Each structure stands twice: as structure tokens, then as C-alpha cells.
Amino acid sequence: MKAEEIIAYRSRNRGRGFFIYAFLTVIVLWSVKVTIVEDTDWERMGSIGKVISSAARFFGVDFNLFPDLLIPSLETLMISLLGTFLGVLICIPATWFGALNITPFKPITYPIGRLMMTLSRSIHEIVWALFFVSVFGLGALAGIFSIAVRSVGFIAKMSAEAIEDINPGPIEAIRSTGANGFQVLLFGIIPQVIPQVLGVIIFEWEINIRRSAILGLVGAGGLGLVFFRQMNTFNFHGVTAVILAILGIIIIGEFVSHYVRKNVT
Amino acid sequence: MSILKVKDLCASYSSSGPEILKGISFDVAENDFLAIIGPSGAGKSTLIRCINRLVEPTSGQIYFHGQDVTQLSLRELRKIRRGIGMIFQEFNLIDRMSVMDNLLSGRLGFTGNMRTLFKAFKRQDIDSALKLLERVGLSDQVDKRADELSGGQRQRVGIARALMQDPKLLLLDEPTSSLDPKISREIMNLVKEMAFELKVPCLCNIHDVQLAMDSCNKIIGIQEGTKMFEGTPESLNKEKLQEIYSMEVL
Amino acid sequence: MINKSITSTKMTGHVTKNWSRIKYPDSYIRYLIWLATLLFLTFSIEYLDIPLERLMGMLERMGYTLSNRYYPPDIGYIMDLDYMEYVVETIQMAYLGTLFGLLMTLPLGWFGSYNLTPSRRFIFPIARLITMGFRAVHEMIWAIIFVSILGFGMLPGVIALTFFCTGFASKLLAEEIEVIDMGQVEAIRSTGANLFQVMVYGVFPQIRVAFTGIAIYTWDVAFRAATVVGFFGAGGMGWYLKRNVLQIETERVSAILFSIIILVLISEIISAMARNRVMKMK
């Protein structure tokens, strides 16, 4: 009878699903055992009470630190802005190559464009920072380049997708007036994608504030350096102060980004 | 004995918002198929939704089998809800699930949490589902995904789902507004037949007046939250309609 | 006859006497923003002492450093079993962090969604606040904090990644939940289902695909972070990175970077494949 078939079929599916979940749970439990349980120095950590008191060291803000945080905060904002700006410059070739409809020589330039995007996104900003510090030395320049190179991935990818999704109608129209390739780009393609691209750039800038703040941990300028110093001198309340400062500039970034996006896109 | 007794029902969407329903009263008896007509914005949808408290009334009483629905706790309300089936204008089927699963979801009020999680419904539920599917003519669509069906088919699944609850009352919120005229007629006929077979009274919100008059045995006309008319379809003439709709009726 | 009908039709609409590209005040605000940004950029370059003139020379130096110090990468160094162990650790940290993060995302995303949150006045804003807080703190900061509380090892790494993933995914999940079809939720509610059943039948089927996408995306980001948290003592390959950076063993560093890139690329390919399957599931 039909009902039997249905019940049997549903039980089979349920059984299979259950088995898969059970298997995955076993793997997860094994991982937890192998990584956390065996690797952690439980002795050194001590009891729950000791852990809580360790955590409590951070509960408190060193207000004296705040005047010293203003300049690094400004630096961080500057690094994020310059970095994003430089990133946009690098994006121009990356997007051009990485968009199927405007790439100059598909078999070669398109993969190069895509590779640039993937490479940029695959490498963590800390790794980029380490590299650029070894090239440019300590300071803001390394941070700016790290941010720039790291942003290319997202901005170029989104822009390329926006360009690939454009409405071909206006392009046809402009081409039919006898415009050359460059003019088609300027009058046909760019106006269509600018709102989206600007939105993406501002969005990435917001994320870059967060990144710039920690690049100082490896010597690339900004609040990260202050954070590093506070940690090293075990001034935990100072660490909390720096974190609050970072949250502060992120909030500022959100406001600015919201306002600018409303007015420009 | 009336299955449903609505007394001075008032409702608004927000505490400071305008009153949508301004004191509606009516009864639904055992064999009734009650149609609610009126212009858009009159509060028909709100009225239907107040019955099972999908919209909370601001005042008034709703007696379902003698119990005042407006005073019930959430848990008691759930018990009442599982005895009231509802059919929606937009069908509201779970798109990604199969027809069978959609039908079974009608039994959720009678199913425990464990069974729900593993979708292990009782044997009798599956039997009922198959029977209802046959009755609405969709036996061959059992395992199709709900979003692969046509509008008329979807509403039939909706009807079957509501009837899976073994309801004591059927609420219909503009069940045919998303369907073309021919299918609308088929659907209303199907509902009428099945409601008669299963002895379930219906409260139906409908905007096609002709369809309403053909399907029901009692009509209520609402305008701006107040009841303007109550009676049989035969007694609904042009003047009364004009009153309700405040416009020229063709 | 025809002429008369043409001349007798009047076109309504006012005549613009002047047209210019610059329209007050929209353009005004826009150009102001551009100007402000440009000014700030120039000021920053000055303030941070960026030596623009020397930049070209520096880029040359970069090429030199790359080709001499970072090349050839010391592949032999990373081919040993100890390192492989660390690599496996990194992967485990990444997926544990993603898993626990996603588990915490389920309630947090639900509470943070305007349409389904149990209480719009209290739970909703608190959930959104927590999500923003977890998100705003960089994953490295989480790592450093937890290393200082719990000591070195993978536990702080997993916890840091969990906190990060929770913030990251909760925002995305809340946004997904806010665009579901509430009609389906209504329908399930009307059958007398309880909250759990409404979630399983009304909400889950609608967000299932989107949630899988969010999970894959979260894994991507978590894995990248996992490769580096070891730098601050939280377990994984990053530890090797730190050691060699401190000792200025650049060829080994470049080998480690190379391994990181390869791993992330593999993870990307797997994610892309998973995403394709999810697309088909739709």
C-alpha cells in the first residue's frame, strides 16, 4: 500500500540523516579531545575561580590613558583611509582584468585578475603586514600597503561582478553613436556601476578600520602599537581602554559610512 | 448551538493606531458557510485573524464552543488553534517541502516535539494525508515540492492541510484572490463540498461578491469596521450592496 | 487639418532656462564630501610622514627583497611531520571555532531579528549589541585576550574563533531571518504549533539554504584567521610564523607563507564547490 512505502522511505531517510549526524558528532568530539582536552595546560590554568580572576583583570578602564589614545586613533583612521584609497587604485587594473565583459584578452588577463583577487583575500592582513614591515620597515606605510592589498580582493570582486551584471542596452546605445572603447567605458559602463562600487568601497573602508587597529601589533602603526605595549607592561586596564578606543573609532566609522552612503550613492 | 459567537469585537493594529474593527457581532452555526464581504480595508482580513488570535483583538468576546478565545493563555490558545483550520490567500505552503510534508504540518498541534524534529508523524496521520490528497485530486503529486505546483494545486494542498487538523471550524482568508476565475470557482466548490461532507462550518472572507453568493448560506457585509448587513444571499440586493460598498454595483 | 491638430497640442512643463552640471544643493554636498576626503588624505600623507618621493625606490626595494630574501622558500622546513601536526591543528581549530560559533549564532541571530525576536524592547537590542560587540573586536584581539587568560594552546584559539564567528554570522543570519515570508510562519502558527514547531517548520526551511551559505562563508574567514592566531600563542601554524619572523629566517617565513596560501586556496576551492552544490539545492 502507498502508506507503507511512504513510511519506509521516510524512515530510511531519517536513518541515513541520523547516521551522518552521529558520525559528524564523533569527529567533532574527537577533535575536541585531541585539541582542547589534551593540548591545554590544565594545571597552569587552575580552577574556574582562577580563570575568572584572570578574566577579571580586564574589567576596568585606565582613563589616564585616553589622551594618549587620541593620536594613535587618528593614525589608525588615516591608515584605513589611505589604505583603502591605495587599494582602490590597485583595484582599477584588477577589476578591468577580472570582469568577463571588459577584460582585454580573456584567456590570459581574466585569470590574472581573478588570481589577484583571490590572493589578496586569502592572505590575512597580519601576514601582509609582516611582509610589508620587512620591506618598508616599521610604521604607517607598511600598514597602508597591507590594508590596500587586502582590500583589493573584495572591492575588485564586487566591482567586477557589478560590471558583469550591467544592462547591455545603454552600452549598445552609446556604441551606436560611434564612441570608442574608452568612451563606452566612461559613459556607458562606469555610470551604471558607480553607486554600487562606491557602496562597496565605503563598506570595505569600515572593515579596514577594524584591521588597521590591529596591524600595529606587528609594527604597522596606529592603536595596535599601544595595545601591544599595554599588554607587555601587563596594564590590563589600559588594554581595555585601547579596546574601547577601537570600538569608538569603529562607531565613528559606521556613522560616517552611513551618512556618506546616503548622500553619495 | 452556535459553534462560533462573536460579540462586540474591536481590533486595531497598534495600540495607538486607528480602530480597524469597531464592534462586530455575529454567530456561526453548525452547518453554516458564512461569507464576509466588503470593500478593501474594511477589516475583513483582520476579523478572520482575530478568531484564532493571529491578530489580537482590543476588546470584545469570541466564543468558540462556549470558550472565550480572547481570555485564553498561550497554551490553551494552541489547543483551540489546532481545532481551527485556516486557508490563506497566498496559500502559505512551506515552499521547500513536499506536498506530503505540508499536509503533515497540519497535524503539528497534535504532534510532540521529538516527532516534529525527526518528522516522524504517526501512521494514521500519513493515512489521513493520503486520503485527503485523493479527495482533492492530488494523489500523484505526493512528493512534489510545494513550489513546483500551480496556484490552484497549491490551494488544494492548503485546503487538505487545513482539513488534516480535523477542524471544528474553517477560516478562509480570501482563498481565491490569487487564482484565476475558473480555478476560483473550482476551489470554492471543493471547499463547499468537503465542508459539507465533513460537517465543518466555514467563515470565509471573500471579495468576489458573486462567488460569495454562490457558495454560502449566510452573508455579512462589513464597511469600515462595522457590520452593515447580515442575512441570506437571496436577501442581498443591489441597494444593500451599494450601501456596503458605497459605489455603483454593476 | 493635420497642421492644426499639431499646433493646437500644447506641451506642458516649465522651460529650463539654464542647465549646468552642478546642481545645488545635492552636488554641493557631494563635492564637499569628496573635497573633505581628499583634504584628509593629503593631510594624512603629510602627518604620517609618507615619503612619496621615495616610494618608487621603495617598490624597487620590495622587488629586491622578494627575489633575494624571500626566494627560494625553504620548502624542506615545512615538510616535516611536526609542522604537519600544526597544520592539522589549525584546521581543527578553524572548524571547531566555526561550529561552536554557528551554534551560538542560532539563538543570537534569532533574537537579533526584528520580526521573530521574542521581545522587541529588550531582547532585540541586547542581541544586536552583543552581535556588534563580538564583530567589532578583531579576531586577533580576541586571541590575545584569551591567551592572556587561559595560557598558550588551542583552547584560547578555539574560543577566540568562536566569539569572532558568532559575531560575524549572527549579523548575517539576523538579516536573512528578517526577509523570510511571514505568511508561512502564520500558517504554521494557525495549526496550533508551539514555538519549537513553528521554528522547525515555518522558519528553518526558509533559511536553510542561506544559512548554509553563511556557514561556508564563516568557515572561509575563520580558517584564514586560524592560520594566524598561532602568531599570538593560540595554537596552529602561526606559531611557526612568529618564531621565524623573530629570527628573521625569511626563507622559512616565505615557505610558511607559501603553505598558508596553498591551504587557503584549497579551502577556497572546497568552499566554492560546496557553494555550487548549495546553489543547486535551491
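General observations
By letter and in written order, the chains are A, B and C; residue numbering begins at 1 in each of them.
Please note the rule applied: a contact is a pair of C-beta atoms (placed from the backbone, for glycine too) under 8 Å apart; a residue touches a chain by one contact, two chains touch by 3 or more.
It should be emphasised that the depicted structure is a prediction, and the values quoted were computed from it without experimental measurement.
Contact analysis places A-C first among chain pairs (by count of C-beta pairs in contact). Taking the mean of C-alpha positions as each chain's centre, the chain lying farthest from the centre of chain A is B. Here the CA centre of chain B is 45 Å from the CA centre of chain C.
Taking each chain's centre as the average of its CA atoms, chain A and chain C sit 5 Å apart. Mean C-alpha positions place chain A and chain B at a centre distance of 50 Å. Here chain A touches chain C in the complex through residues 28, 31-32, 34-36, 39-41, 44-45, 51, 54-55, 57-58, 74-75, 78-79, 81-82, 85, 118-119, 122-124, 126-127, 130-131, 134-136, 139-141, 144, 210-211, 213-214, 217, 221, 227, 231, 236, 239, 243, 246-247, 250, 260, 263-264, going by the rule given at the top.
Contact residues on chain C toward chain B in their complex (touch as defined above): 181, 183-184, 186-194, 196-197, 200-202, 205-206, 208. Remark: chain B residues 100, 118-120, 123, 126-127, 130, 142 touch chain A in the complex. By the touch criterion stated above, chain C contacts chain A in their complex at residues 29-30, 33, 37, 40-41, 44-45, 47-51, 58, 61-62, 65-66, 69, 89, 92-93, 95-96, 99, 133, 136-138, 140-141, 144-145, 148-155, 158, 224-225, 227-228, 231-232, 235, 241, 245, 250, 253, 257, 260-261, 264-265, 268.
Across the complex, chain B meets chain C through its residues 52, 54, 78-86, 88, 90, 92-97, 105-111, 113, 116-117, 161, 165, 171.
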